[in-house]
Amino acid sequence: MSMEKRRWLRLALQVKGSVIPAVLPRSLFCGFFALIVKLLLDAHYPVSLPLLASLIPNIVLGLLLVFRTNTAYDRFWEGRKFWGSIVNTVRNLARQIWLAVEEKEAGDRPEKVKALYLLVAFAIATKLHLRQEPIDPEIKDFLSPGKYKKLQRMNNPPLKVAFWIGDYLQSQYQHNRLNIYQLTEMHKLLDNLVDAIGGCERISKTPMPLAYAIHLKQLLLLYCLSLPFQMVGQLGWGTAPVVVLISFTLFGIEEIGNEIENPFGHNQNDLPLDAICLTMHRNIDDLISLEPTVHSAEPFF
Amino acid sequence: MSMEKRRWLRLALQVKGSVIPAVLPRSLFCGFFALIVKLLLDAHYPVSLPLLASLIPNIVLGLLLVFRTNTAYDRFWEGRKFWGSIVNTVRNLARQIWLAVEEKEAGDRPEKVKALYLLVAFAIATKLHLRQEPIDPEIKDFLSPGKYKKLQRMNNPPLKVAFWIGDYLQSQYQHNRLNIYQLTEMHKLLDNLVDAIGGCERISKTPMPLAYAIHLKQLLLLYCLSLPFQMVGQLGWGTAPVVVLISFTLFGIEEIGNEIENPFGHNQNDLPLDAICLTMHRNIDDLISLEPTVHSAEPFF
Amino acid sequence: MSMEKRRWLRLALQVKGSVIPAVLPRSLFCGFFALIVKLLLDAHYPVSLPLLASLIPNIVLGLLLVFRTNTAYDRFWEGRKFWGSIVNTVRNLARQIWLAVEEKEAGDRPEKVKALYLLVAFAIATKLHLRQEPIDPEIKDFLSPGKYKKLQRMNNPPLKVAFWIGDYLQSQYQHNRLNIYQLTEMHKLLDNLVDAIGGCERISKTPMPLAYAIHLKQLLLLYCLSLPFQMVGQLGWGTAPVVVLISFTLFGIEEIGNEIENPFGHNQNDLPLDAICLTMHRNIDDLISLEPTVHSAEPFF
Amino acid sequence: MSMEKRRWLRLALQVKGSVIPAVLPRSLFCGFFALIVKLLLDAHYPVSLPLLASLIPNIVLGLLLVFRTNTAYDRFWEGRKFWGSIVNTVRNLARQIWLAVEEKEAGDRPEKVKALYLLVAFAIATKLHLRQEPIDPEIKDFLSPGKYKKLQRMNNPPLKVAFWIGDYLQSQYQHNRLNIYQLTEMHKLLDNLVDAIGGCERISKTPMPLAYAIHLKQLLLLYCLSLPFQMVGQLGWGTAPVVVLISFTLFGIEEIGNEIENPFGHNQNDLPLDAICLTMHRNIDDLISLEPTVHSAEPFF
Amino acid sequence: MSMEKRRWLRLALQVKGSVIPAVLPRSLFCGFFALIVKLLLDAHYPVSLPLLASLIPNIVLGLLLVFRTNTAYDRFWEGRKFWGSIVNTVRNLARQIWLAVEEKEAGDRPEKVKALYLLVAFAIATKLHLRQEPIDPEIKDFLSPGKYKKLQRMNNPPLKVAFWIGDYLQSQYQHNRLNIYQLTEMHKLLDNLVDAIGGCERISKTPMPLAYAIHLKQLLLLYCLSLPFQMVGQLGWGTAPVVVLISFTLFGIEEIGNEIENPFGHNQNDLPLDAICLTMHRNIDDLISLEPTVHSAEPFF
C-alpha cells in the first residue's frame, strides 16, 4: 500500500509529461501582474474590487474548460481507435492473404511475404505522413528499392502503399491464385485501412473551431487578470502566489487540451505510434513463421 | 517558450475569426442599459435590487449554454465526418475503378480517367449544393460539356453526378469489363457517397429546435438585463463596463454555437471545404500517374 | 449587423414556437402562490424561511433539467437521423433499381417507374404511421388503387409497402431482369428502410422512464413552491413577479423536453416530415427524367 | 391547457411508478435522526455545526448522481435498442423468408409458416430468458410440441431457437429452395438476433462497478446524516421535515438509477417487452395473410 | 422493504470491493497534516486563511473528477462490449460451422467438434493474454497437445488460435465441405474476433494521457492540503476528521477511475471474464448436443 502511495505522490509531483513547463511562464506573468496590483494598492489606488468575482461566472468558465477537455480527449481517443483499426485490419488482411492466396509456383511464397510486409510499410508510412516527416530508412526493409524511391516523391505515401497492396491482390485474382469472393472482401479490408488514413488526417487537420479557441483564451485571460483586484484587499502580498496557483490550474487544463488534441506527434502525451507499428511488424513475423495446413499435405488436427 | 507564449496571447487578442464583431453591439446595448439604470439610481429610483441575483440560477444558464455549445460542436464535427467519409470513399472507389475495370480497347483508359474525375466533380457539386450556390466553372474541368449543362438545370446536382458514376459502373459490367462482385461493392461505396450528401443536408437543414433557440435567448436577455439592478448599488459607474464584459462572455458562447452549427459556409469558423476538394483532386491525379501491374505485362515485385 | 441584431431580438421575443403558451399557466400559479405567502407574512405568520434555499440543491435540479434536455434532444436528433436514413436509402435504392433492373419488354419501364413511386409511398406511409393518422389521399398517386385499398386495412402500412417493394425486386430476379447479387444488396437496402420504421417507432413509443418524469416534476414543484418562503422576507410584493420568472425559466426547460421528445408530430418544433417526403418525391421525379446509358445505345461519354 | 395542466400535476403527484415507496423509509430514517440531533441540541450538546456544509462539495455529489443517472439511462436505452433490433430483424428475416424461399411442393408453405412463427418464439424465449423465467405455455403456440419439450431443458433457450431457424434455412438451401446468396444474407440477419441476446445479457449481467455503487451510497449517507448538524441551529424542529425532503430528493435519484439499470423486468419503469413481442406476432400474422406475386401467377401491378 | 433497506445499508458500509483500503492512507495523511496545522495555529502561527477556499474553484475540481469518472467508465463498458462481441461471434461462428460445414466422412464430425472447441480456446487465450498471464492448463482441454505446446511459445496466443480457426475453415473449403460464400462470411466473423482482441489491447495499453493524470493529482493534493488552512480557524480540533472525510470522498472518486480503467484483471471491480468464458464453453457444449436436420435424414418439423 505504501508503495502504491509513493507512486501516487511521485506521479503528482512529476514534471516531465506534465504541463508545468508550458504553463508556468503564463502563470508567473499573472503573479507578476498581481504584484503590480498590490503595489498600486499600497500607493492608495482604488484597485481592490472584490465584486469583480462575478465578472465571469465560475460555472461558465468551468464548463467551457471541461468542454475543451472532453473535445480534446475525444480526438485523442478517436485517433487511438483509428490506429486500433489499422492494427486489426493489418492482422486480418495478413491472415487472409496468408491463408487464401494459393501458391502454385516456387516464387509465389516469397512474393506473398513481400505483400505482407507492405502492410507494415503501410502502417509506418501512415505514421510518417501524420507526423509530416519525409519517408525515412525505417520503412526501407519493407519495400523493394524501386517502390522506396517512388514513395519518396509522393504527396500521400500511405495511399500509394494501399494502392500497391490492392494491385497485388487484383493481380493474384487475375492469375487465378485468389477467388473473386475473397478478393472482394480483402478490398473491403483495404478500404478500412484507407478510411483510417482519412480519419487520422481529419483529426490532425481540423483544429477546434477558431472562435472557441479565441473565446476560451479571452475568458481565461480576463478571469486571471481580474483575480488580483478581487483578492488584493484581503490577501495582501499573498495575492501573488495564490494567483499563480489558480492561473496554473486553469491554464493547465486548457494546455492539456492543446497537447492531446493532435495525438500523432512525438510528445509524451501522444500515442505510442512507434510501439504500435512494432507490434504489427512482430505479428506479421509470427504469422509468416506458421505453415497453414491449406497449403501443406498434413492433416489439420 | 516565449514564442509559444506570444502566439497564445496573439490568439487571445485576435479579432478576426472571433465572435467580437457579431456580439459587441448586443453587449454595448446591455452596457448602455446599465448606464440608464445608474442614472435612475442617482435620481433616487429604487433600482438597486441585489436579490435579483437568484433570478436565473447560474447553473441553469451555464448548463444551457454548454448544451448549446456541445450540440453545435457535434454538428460541426459530424459535418466534418461526412466530408471525411467523402474523401475516404472517393479514394477507395477511385482505387478500385483504376484496378478492377479492365481495359480492352484503346478508348477504355481515357474513359476511365473521365470517370475518376467525375468523383472530383461529385465532391465539388456537393460543396456548391450545401452552400446553395449555382454550378460554377470550378467544376467544368471534371465534366463533359454536355453533362455540365445538364447539371445546371438540376435540383440536386451531386445526386446526378452519383447517378452518372453508377451508370458508368453498370455499363462497364454490361460490357464485361467489370465483374458483378466488384460492381456490387462499388455500388455500395457509391451509396456511401449519397449517404454523405444526405447527412450534410440533414445538418444544414435541421436547425436546433426553435423552442430551445428562443428559450435560451430569453434567458440570456433576462439575465443580462437584470445584472445592472444587482450591481449598481455597489459598483456605481463601474456597472456599465462590467455588464458589457459579462454579457460579451455569455452572448459570445451562444454566438459561436450559431456560427459553427452549419459548418459548410465560407466563414473562418467553417470547414475548409475548398482545401478538402483540392486534396481529392490531387489524390486522383496521383492515382492516374500510377500504372497498375494488373493492366501491364510487368511482374509485381 | 443591426439587421442581425434585430433578428436576434425578434427571435428572443417570439411567442409562436416557444414554450410560453404551455408554461405560462403553471408559472402564474406559482406567482399566485407567492402572493398568498406575502399576505400570510403581512398577517404575521412566520412564513419567511430563507434557509429553505438549501432544500433542493441548485446543482441537482440544474443537472436533472439538463439530463432531461439532453435526452429529449438526443431522441429528436436520432429521429432526424432515421429520416435521413430513409432519404438516403430511397435515393440509393431508386438509383440502383433504375440502373440495374433490365428492360426487356415494352411494359418493363412503366412497371419500374411504379416501383420507384412505391418508395415515395413508403416514406409517406411511414409519416402517417408515426403520426397515427389513417392512410389518406396524399399517398394515392404513388400506389395502384388496389394496393391503396389494401393499405387502409393494415396495422402497419409502411411494412406492407416494404413488402411490395421486396416482392417487386424478387419477381424481377425470378424473370431474369435482375441478377442475384444486386438483388441481395437491394434487399439489404430494404432492410435499412424497415430498420428506420422500427427506429422511429422505438422513439415514439418509449417515453422517458416514468420514474424520472415524476421525480423531476416533483422536484420542480417543490423548488418553485419553496421560492416564496425564501424570498418574501426581502422582496416583499416583488416576490410574485420574480417567482413567475424563475418558475417560467425552469418549467420552460422541462416543457421543451416534453415537446421535442417525440418529434414526429405537426408541431413547429417537430421535424419537417412533409418537406422531407416532398424532397424524396422530387428526387425520384428527377431520376426518372434521366436516361441511363446502360439501357440505351449511346456511348457513355 | 388546463387539462394539460391537470395532467402535469397528476403526474407530479403520482405515487405508482414513482420511487416514493422505495425511498420513503430511508428518508424517514434521516428525518428521525434529525429529531435526535434536535433533542441533543436541546440537551445542550454542541451538535450545531453549520461548517459541515462543506463536508461533501455539492458539485461532487450532484455530478456523481448525474453520472449514475446517465449510466442507468444509457443501459435502459441500449436495452431498448436491442429490442428494437430484434423487432427489425424479425420483420426483415420474415419478409425475406416469405419472398425468397421457393415453394415446390404442397407441404412447403405450411413449413414456411412454422418457420416464421419460430421468429416469434425466438422473441418470447429471449424475453423469458432475460427475466430468468422458465419456458411457459405462452411460447407453446409457436413451436412444435417436440421442440417445446426440448426447449424446457436448455440453458439458453433463445440460442436454441436461433439454431432451429438457421437449421431450417440451411436445409432449404440443401433442398434447392433457397439460393446460396440469400441464405448467406439470412444467416447474417440471424447473427443480428443472436447479437441482440448477447447485448441484453450484457446489460442485465454487468451491473455498475461495485466501487461506484458503494462510494455513491457512502457519500449520500454522509451527506444526509450531516444535514441535521448544519441546520439544527437555525431551523429547530423544522430540521426534520427539511431533512426528509432533501434526502428524499437525493435517494430518489439514486433509486431511479437502480430501477432502470436492468430494464427487462415486470416493473412499471421497465421496457414493455410483452407489448413488443405482441407487435412482432401481429406483424408475422399480417405477413402471412399476403400472397407474394413471386409465388403466384398474377402480374405484379 | 426493510430487507431492501438493510441491503442498501450493508452495501453502503461494505469495505470489500470499495476503495477504502486504497484511499484511507492518503486521507489519513491529510488528516495528520490538518493536526499539524492546528498545532501551528495554537502556537500562534498565522495559518488560518479562509480565503484559500477560492484557490481551486469547486466546479473545476468537480468537473475534472467527473471527466475522470466518465472516461474510466467508458473504457470499462467498452471492454465489456468487446467481450460481449466475442460471446456473440463465438455463438454465431459455432452455429454456422455446425450447420454449414458438410460431413462427408466419418472423421469429419469429430474434427468439427475440435474446431468448435478452438473457439473456446480463443476466448481463454484472449483472457490470459489481456491479463499478461502465461498459457496455463485451463486451456488444455480445448486444444490438441501439439497446438498447446506451440501456443506457449507465441507472443500473441489468441491471434494464433484465430489463425488456426481460419486455417480449418479454408481447408474445409479446399476439400469441398464448405461453399465459398459461407466461408467468406465466416472469415468476417473471425475478423470480428480479431477486432475484439485489438480493441481490448487498445483499452489495456492506452492509459489516460499522462498530463491529465498528473494535473488531476496535483489539483487534488493542492485542494486537500489547503483545506486545513481554510477550516482550522473555525473547526479547531474538528478540522482533522473533517479533512479526512473530504479527502476520502475526493481521492475515492479518482481511485475508482484508476481501478476500472483497465477492467481485465482479477479485481472485484473487474469484468467477470472467467464466468464469460464458462458461458461460451457451455453454449458450445449445448450446440454439440443438437443434431442438425441438415446433416440427418429426418424432416425438419
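Labels A, B, C, D and E are assigned to the chains in the order they are written; within every chain, residues are numbered from 1.
Keep in mind that, in the parts below, a contact is a pair of C-beta atoms (placed from the backbone, for glycine too) under 8 Å apart; a residue touches a chain by one contact, two chains touch by 3 or more.
Source: prediction; values computed, not measured.
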## Note on the structure
Given over half shared residue numbers means same and under half means different, the chain B/chain C interface is different
### Query
For chain B and chain D, what's the span in angstrom between their mean Cα positions?
37
### Between chain E and chain D, distance of the C-alpha-averaged centres to the nearest whole Å
23
### Shared interface positions of chain C, touching two or more other chains
58-59, 62-63, 181
### Message
Touch as defined at the top gives a ring of chains. Read it off for me starting with chain A, then chain E, then onward.
### Response
A, E, D, C, B
### Message
Which stretch or stretches of chain B touch chain C in the complex?
### Response
21-22, 25-26, 49, 51-52, 54-60, 62-64, 67, 71, 111, 114, 144, 154-156, 159-160, 162-163, 166-168, 170-171, 174, 180-181, 183-184, 187-188, 190-191, 194-195, 197-199, 201-202, 206, 209-215, 217-222
## Note on the structure
Residue set of chain D touching chain C in the complex reads 1-2, 4-5, 8, 11-14, 17-19, 58-59, 61-63, 65-66, 69-70, 73, 76, 80-81, 84-85, 87-88, 91-92, 95-96, 98-100, 179, 181-182, 185, 189, 231, 234-235, 238, 242, 245-246, 249-250, 252-253, 255-256, 259-260, 268-269, 271-272, 282-283, 286-287, 290, 292-294, 300-301
